[in-house]
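One chain, subunit A, links the two complexes that follow: it is found with subunit B in the first and with subunit C in the second.
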Partner chain A sequence: MEEQRIGVYVCQCGTNIAKVVNCEEVVRALSEQPGVVVAKTYKYMCSNPGQEMIIADIQEHGLDRIVVAACSPRMHEPTFRKAIQTAGLNPYFVEMANIREQCSWVHDDPQVATDKARALTFGALHRVAKHEPLERMSVEMCPDVLVIGGGVCGMTAALELADGGNHVYLVEREGTLGGNVARVDLTAPYLDSARDLITALVTRVEEHKRIDVLVHSQVSSLEGFVGNFTATVETIWGDGASVSQFRVGNVVVATGYKEFDASRVVHYGYGKLPNVITSFEFEKMLRAGRIQTKEGKIPQYVAIIHCVGSRSKEFHTYCSRVCCMTALKYAHEVKSAIPNCYVSDVYIDMHAFGKGHEDFYKRGSEAKTLFLMYAKNDHPVIRKAGPGDDCEMLIEVNEKLSGEQIEIPADLVILMVGMEAREDSDAVARLVNISRDKDGWFIESHPKLDPVATTTDGIYIAGVCAAPKDIPDTVAQARAAAGRILAKTIRGSIEIDAVFAEIDEDKCSGCRVCNALCPYSAITYDASKKKSTVISAVCKACGACVAACPSGAIKARHFTDSQIFAQIEGVLT
Partner chain B sequence: MAIRVNPKLIDELEVYGAEDVQNCYHCGNCSAVCPFSKEPYIFPRRPMRYLQMGLEDKLKGSLEPWLCYYCGQCSEECPRGAEPGETMMSLRRWLTSKYDFTGISRAFYKSGKVELFTVIGAALLTALGFVLWAVLRGGDINSYDGPNAFLPAASIHIFDWALAGVLLALLLTNCGRMWWFTLGRDKQLRTPFWLYLKKLYLLPLHFVTQKRFATCERKRPWAVHLALVVSYLIMLVLIMFFLDLMWSGPEIDWRVHVFGYIATVGLLGTTIFALRARLKKAEPLYAHSHETDWIFLILLIFAAFTGILQHILHRVGFDAAANVTYIVHLMGVVPMLGLEVPFSKWSHLAYRPLAMYFSAIRAEAKERAEKEAVEPTLAAQPVA
Partner chain C sequence: MADKKLQIALYWGAACGGCDVAVLDTNEFILDVAAVADIRLWPIAADGKYKDIEAMADGELDLAIFNGGVRNSENEHIAHLLRQKSKLLVAFGSCAYMGGIPGLANLTSREKILETAYRRNPSIEWGNRVVPQPETKLNGKELEIPKFYRRVYKLDQVVDVDYYIPGCPPQPDRVRETLLAIVKGELPPKGSVVGAFDHALCEDCPRTKNEKKVKKFYRPWEIKADPDTCLLEQGVLCCGVATRSGCGVRCPTSGIPCRGCYGPPPGVTDQGAKLASAVASIVDSKDPNEIEEILAGLPDFTSFAYRYGVAASLLQRSYRQ
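Presenting the complex of A and B:
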């Protein structure tokens, strides 16, 4: 190997590093090392003058490797890679030593911190000598998109994508589109008809020439990686079934939710008391245009109980977000259908956070809805009323705003059942290779800054399948996912990082230990050859397989054994 | 035992003027700003809650509505437009009807027309009765005092006392019922007799000075109210004890004269002020007038005006006109005292000081009970 010409740059990060680490001393120690042609310290290496200094030195001194001792590589590795690429070097010929987070920010003693900074920089110096030139790959991005779930969310995403010019396969398990909103009467808080809303969406989806709707269908497998997935869909027709296969570049998961099973809450007597019904059963009554008890009587007292299955220790701790406003909507609908009916609304807190919600709450008060407050985990209890009472049932509750133990008369009780992850959410998560939280909702890449992406490139989640939300939020997410995909597909190709694991076929024994280990499902197994292979576009270079392979057949690019040993050696000199 | 919620009560209270109580969402701003809300009587939020939930028994046992003077600060601060001040006013009307066992009060509050017709009926009956009586006993319409007087002072005096007796009996039973609802029936509360004696001074004190009212930020309503009460009291004393002195021809005792004029000016002035203020809705207190408020004020001004008019007519020598005016005056006074005092607005003159008295007793009894509950446990603790 010919003699390398290495440049070392020690950043002061203003005073962030320099106030503890003696940067001059680190520079002095490094400049005496073999191969080091230039060693310098500067106030801000990441600044434009800092980067320009590196570029100028590369050109002037013919440097071929660069070490930057500065902050975390998570922060500025891409910056310096780009800089040396501008100067004509392979971008992977730079190595960073983290002397800020790992030295100046965590040590008080300047001498100790300086010694450690020097050791870490030595490590980087020895490692960079072993770096190999790597090339990033560019793969084709298939513009077609698979949308799983044909509720408000799936349909909205499909329309947005198709309007943008992409072809969409919309896969819905049920026989009709619409999802849960198709079971709702009016929508809170503006009291628009859900039916109109759904009909408009379904009509447009079905008529759109770039949307293929597959009802009675389910995705049975999804192979490949971002830009190049192959989806297999099974469709059931009456007594027959058919399988179709197509290529897609991205996937939107919009599988929604199921309602909480009210019979799990024993003290509400759901399933035993005939006039205790769920919100969805009440929606059915509203859609039929007749509010009545099982006996066919017009109720004089209607009671609504919030947070059934939600916000409780026993069932789900989260808030289902839509039931408060839906309850107010029921109060409104009952009062307008039966003006002399008394409505009691029994809640824990009134969550009226959205646009128009607080006004809707006030309107509920003005219409004389009796609001009663119970404490979390101190559920009301429903029992049958006696023969002398003018009502069917009595709801006993510890009312917080009065401090009294009270009983509320009721002829009809509506339970505001919460939202729950679907039974098959686990299977769906495995199918598209994403994770679920403790409640079964799909996890986003970042809860605040990257809400619709997931840790798997090309897989997006939107709507309630990610967490309970109302229609406006669902629609916003559907559009966001579609927008992300449109932005990616518009270029026709994507660049894939050159850092990934590779399996040496000659050494692989076909034991398949790595297959199940990979957290990103990046390893496939070729049964005929009895060998495992890494799909480089999916691999995130975590290194799990590298360490586990009993045959030592797996090598992680840019994290080779010789590079890591060199780094250790450097630290120890 | 759980208390049954009655969602219908809130509808019932609407005729008493509580129209916005449903809007309250219990932020508690009102109780925080109310200058009268102090432990253990925190209001108006709590009574509002009882009303929303229809806890009728709790409300009947509440003294809080009487501790409110409708300064309106709470209504100003309420973010929901629930009108807590107005609700307290309505509760006072409702409580008045609950204390009254005859049901007359309830009928008056439920319908202004019923009250109006009853008042007119009573006025006509009064006129008929006095005229018949005077004519039958041979009274001379041209003579105002002396042996042939159309309406001799001595007889009127007897009538006054008889009316006062009936009134007092009615009022006392109502007050007794108030006591029963708020103190008597509460078995948890131990109120020894000496406690009633100890706090007795509060009754006349509050009755005469209205001093709690003076706590309000705006002093004018209190001043007007005080003037009205004092004038009314002076007039009451004059009529009940010195009526014959007011008749004794040109040589009326100068003290009767001075006090009589003071009272008349006070009554006329305050009622005119109150009527104007209600018409203009000048203060929160005057913003929402119930029909009963108008009837009461009109009767009052009518009585005061005819009272002074007959006096003037007599003094200038028009005895016949004075006698007619006197009959007209009685047509106002009798329904005012006979109907308004026991069954309507006037009765708060008794209930308010009583509430002050009862609330002090209740507060001290509760405090004693709490102390007793704490002390034995303290004694049982080992001394550290």
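Presenting the complex of A and C:
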């Protein structure tokens, strides 16, 4: 091999690195190494002048490999790859040594930090010498989209995508579209009709020429990778079933939630006391237009209890986010239907964080509702009233603000049941290859910066299936997911990172040790050839299979044995 | 070469004798070799003195076949000698190639070995529990025996080696093919592993392979394994996944797991490490306690995974000689 010409750049990161690491000393040590043509230190390597310095040096000194000792490659590897590419080098000919997070930020002793920075930079130097030029791949992007779940979320995403020109397959398990909102009467906080909202959406979806609606249907398999998935959908008709298959480039998961099972909270007597009902049962009453007890009487006392199954140690620790406003909505609806009814609202905290919610709360508290606060994990207790009482039930509350034990009458108790991940969320997660958190909600790629994407390219999550939220937040996510997909499909193809695992067919013994290992399901086994292959577009280069393959058939590009050994040797010199 | 008979030497270092038997097992072939070659040294079968070898000119031998590892100063001396006197030096068998079974002793210390062999061994008579010393004075005379090293070396850790023939012992057919190729001068590039293939054993193993997920490991006698399914996925540790093919799948076709004697497949630096990560990868559990329990079914995994390759492993103890 021709003698390599390597440039080494040690960043001071303002004083972030330089205050602990002696950057000049690192430069001095590196400049004496064979192959190093240029070694410099600079205040901010990632700044424009920093990058331009590298570019100018590449051109002036004919450098062909670059080492940047600076921050984490997670931060600026793309920056430096782009810079050296501008100068005409293959973008993979740069290696970073992390002397900030791994040195100056974690060590106080300047000598120790400097020694370590030098060792890490030596490692990068030895490694970069072994780098191979890599080319990014481009794969075709099928514009069609699969949307799983036909609630507000799925319908909104489907419409946005179809309006944008993409064909959408909308798969809904139930016989009708609408999801949980279709079970609601008025929506908080503006008291618009849920029925109108859903009807408008359903009509547009069903009439849209670019949306295929498949009700009574479920996705039974999803194979392939971003841009090139094949979905298989099973549809159950009255007397039979049919299977359809189609190609899609991206998937939106919008499977929503189910309500918490109120009978799990035993001291509320749900299922035993006939007039203890859930919010959804109350919505049904509202939609039917008559608020009444099981016995058909108009209730004189209505009590609403918040956080049923939510914000509790025993059940779910999270807040379900919509129950507080829904409870206020009920207080309002009861009052307007039965003006002389006494409504009490038993809550832990009033969560009114959304747009218009605080005003709604204010209006609710003016409407002569009795608000009682109870402490988390100190539930009210409901019991049947005695013959002398003028009500059906009595609720005992340790009222937190007054510090008193208060007993309130009730003819009808509404339990504000929280939201819960669906029973089959695990199966759905496996189907599309994404993960769930401890509560069963799907996990996003980044909780703050990348909320609707997942760690599997081409799979998006939106609406409540990712965590409890109200309709406006659901709609925003649905449109965000659709927007992400539209932006990706408009180009017709996508670039795939050049770093992935490859299987050398000649060396693969077909032992199948790697087959069940890939967290992204990137490995397939060809039974006729008796060999395994990695689908490079799916592989995330995690390295699990590379380490496992006992016959050394799997190589991770950019993380080859010789590169890693060279790096270790460099660190140890 | 036709006008002059080939000059050959065979030698054993730290060996069990099996490799020499493997050469003898080529039967009449070895007689054919004898017809075209002068066997100048072969301790197991023919007389020959070290001093005769010492007297040779450099490069006078055409071929030296060295089996066994390098355990003591005598082994090392002869290794250097044969290297100097022979045009080609072949590491024959797993011991010469990777340190082999004797190399397992690298997991313990020289002191412990001598203690076990000469003091604690129950078959030694009282009064006879003497640890041999490199130098002894007897009746006013200095006696010397070879120095017992702190560890076993594979041959190429001591001298430059031209070819490697793996196997414990190498399969006679492979030996025949390889010797023939050498005799005919049809030689692969220096440093090649010969007498074996370039892929792992599983490729040639007729057992059916499925996705591997193991909940329990068995010693071979603890389970009646299905004869047509991969042993490893039945929980019987089979090293075939990380072993170079060449033996003819002797063990798995006889119902017992491969022990890895042919060494790592090409491109694998450390056979034991590969076995460890392969075995860890097929454990079917995500629960730390259960994993612990499953792995407890693997007694002395280091000796198992490195049965032949301790001396060749990436991980070496540092010895202060």
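Here, the second predicted complex is superposed on the first by the 573 of 573 C-alpha atoms of A that agree within 3 Å, B and C clash if a C-alpha of one lies under 4 Å from a C-alpha of the other, contacts with A are read in each partner's own complex, and residues count from 1 in each chain.
We adopt the following convention: contacts are C-beta pairs under 8 Å (C-beta built on N, C-alpha and C of every residue); 3 or more make two chains touch, one makes a residue touch a chain.
From a predicted model like this one, the values you see are computed outputs, not experimental measurements.
S.K.: Looking at the overlay on subunit A, is there a clash between subunit B and subunit C, or do the two fit?
M.R.: By the criteria stated at the top, subunit C and subunit B fit after superposition, with no clash.
S.K.: I'd like to know which partner A:Lys272 touches here: subunit B for first, subunit C for second, both or neither.
M.R.: Neither subunit B nor subunit C is touched by A:Lys272.
S.K.: Looking at A:Lys384, would you say it contacts subunit B, subunit C, both, or neither? Reply first, second, both or neither.
M.R.: After superposition on chain A, A:Lys384 lies in contact with neither partner.
S.K.: After the superposition on A, what does A:Asp561 contact: first (subunit B), second (subunit C), both or neither?
M.R.: Second partner only, subunit C.
S.K.: When the two structures are overlaid on chain A, which partner does A:Val513 contact: first (subunit B), second (subunit C), both, or neither?
M.R.: second
S.K.: With the two structures laid over each other on chain A, which partner does A:Ala547 touch: subunit B (first), subunit C (second), both, or neither?
M.R.: Only subunit C is touched by A:Ala547; subunit B is not.
S.K.: Answer with first, second, both or neither: which of subunit B and subunit C does A:Ser344 touch in the superposed model?
M.R.: Touch partner of A:Ser344: subunit B, not subunit C.
S.K.: For A:Ile408, is the partner it touches subunit B (first), subunit C (second), both, or none of the two (neither)?
M.R.: A:Ile408 contacts subunit B only, not subunit C.
S.K.: Nearest 10 degrees is fine: what angle do the Cα centroids of subunit B and subunit C make about that of subunit A?
M.R.: The angle comes out at 140 degrees.
S.K.: In the superposed arrangement, which partner chain does A:Ser365 touch: subunit B (first), subunit C (second), both, or neither?
M.R.: In the superposed model, A:Ser365 contacts subunit B only, not subunit C.
S.K.: Taking the superposition as given, tell me the minimum C-alpha spacing from subunit B to subunit C, whole angstrom.
M.R.: Minimum over all C-alpha pairs of subunit B and subunit C: 49 Å.
S.K.: Note which residues of subunit A are touching subunit C in the complex, please.
M.R.: Against subunit C, the touching part of subunit A is residues 506-517, 525, 530, 544, 547-553, 561.
S.K.: Can you check the complex and tell me which residues of subunit A touch subunit B?
M.R.: Contact set of subunit A toward subunit B: 301, 342, 344, 350, 361-362, 365-372, 394, 396, 399, 401-402, 404-409.
S.K.: Give every residue of subunit B touching subunit A within the complex, in rising order.
M.R.: 1-5, 7-8, 10-11, 22-26, 46, 49-50, 52-53, 55, 58, 80
S.K.: Sort out for me which residues of subunit C touch subunit A in the complex.
M.R.: Residues 198-203, 209-213, 230, 232-233, 240-242, 245, 264-269, 274-275, 277-278, 280-282.
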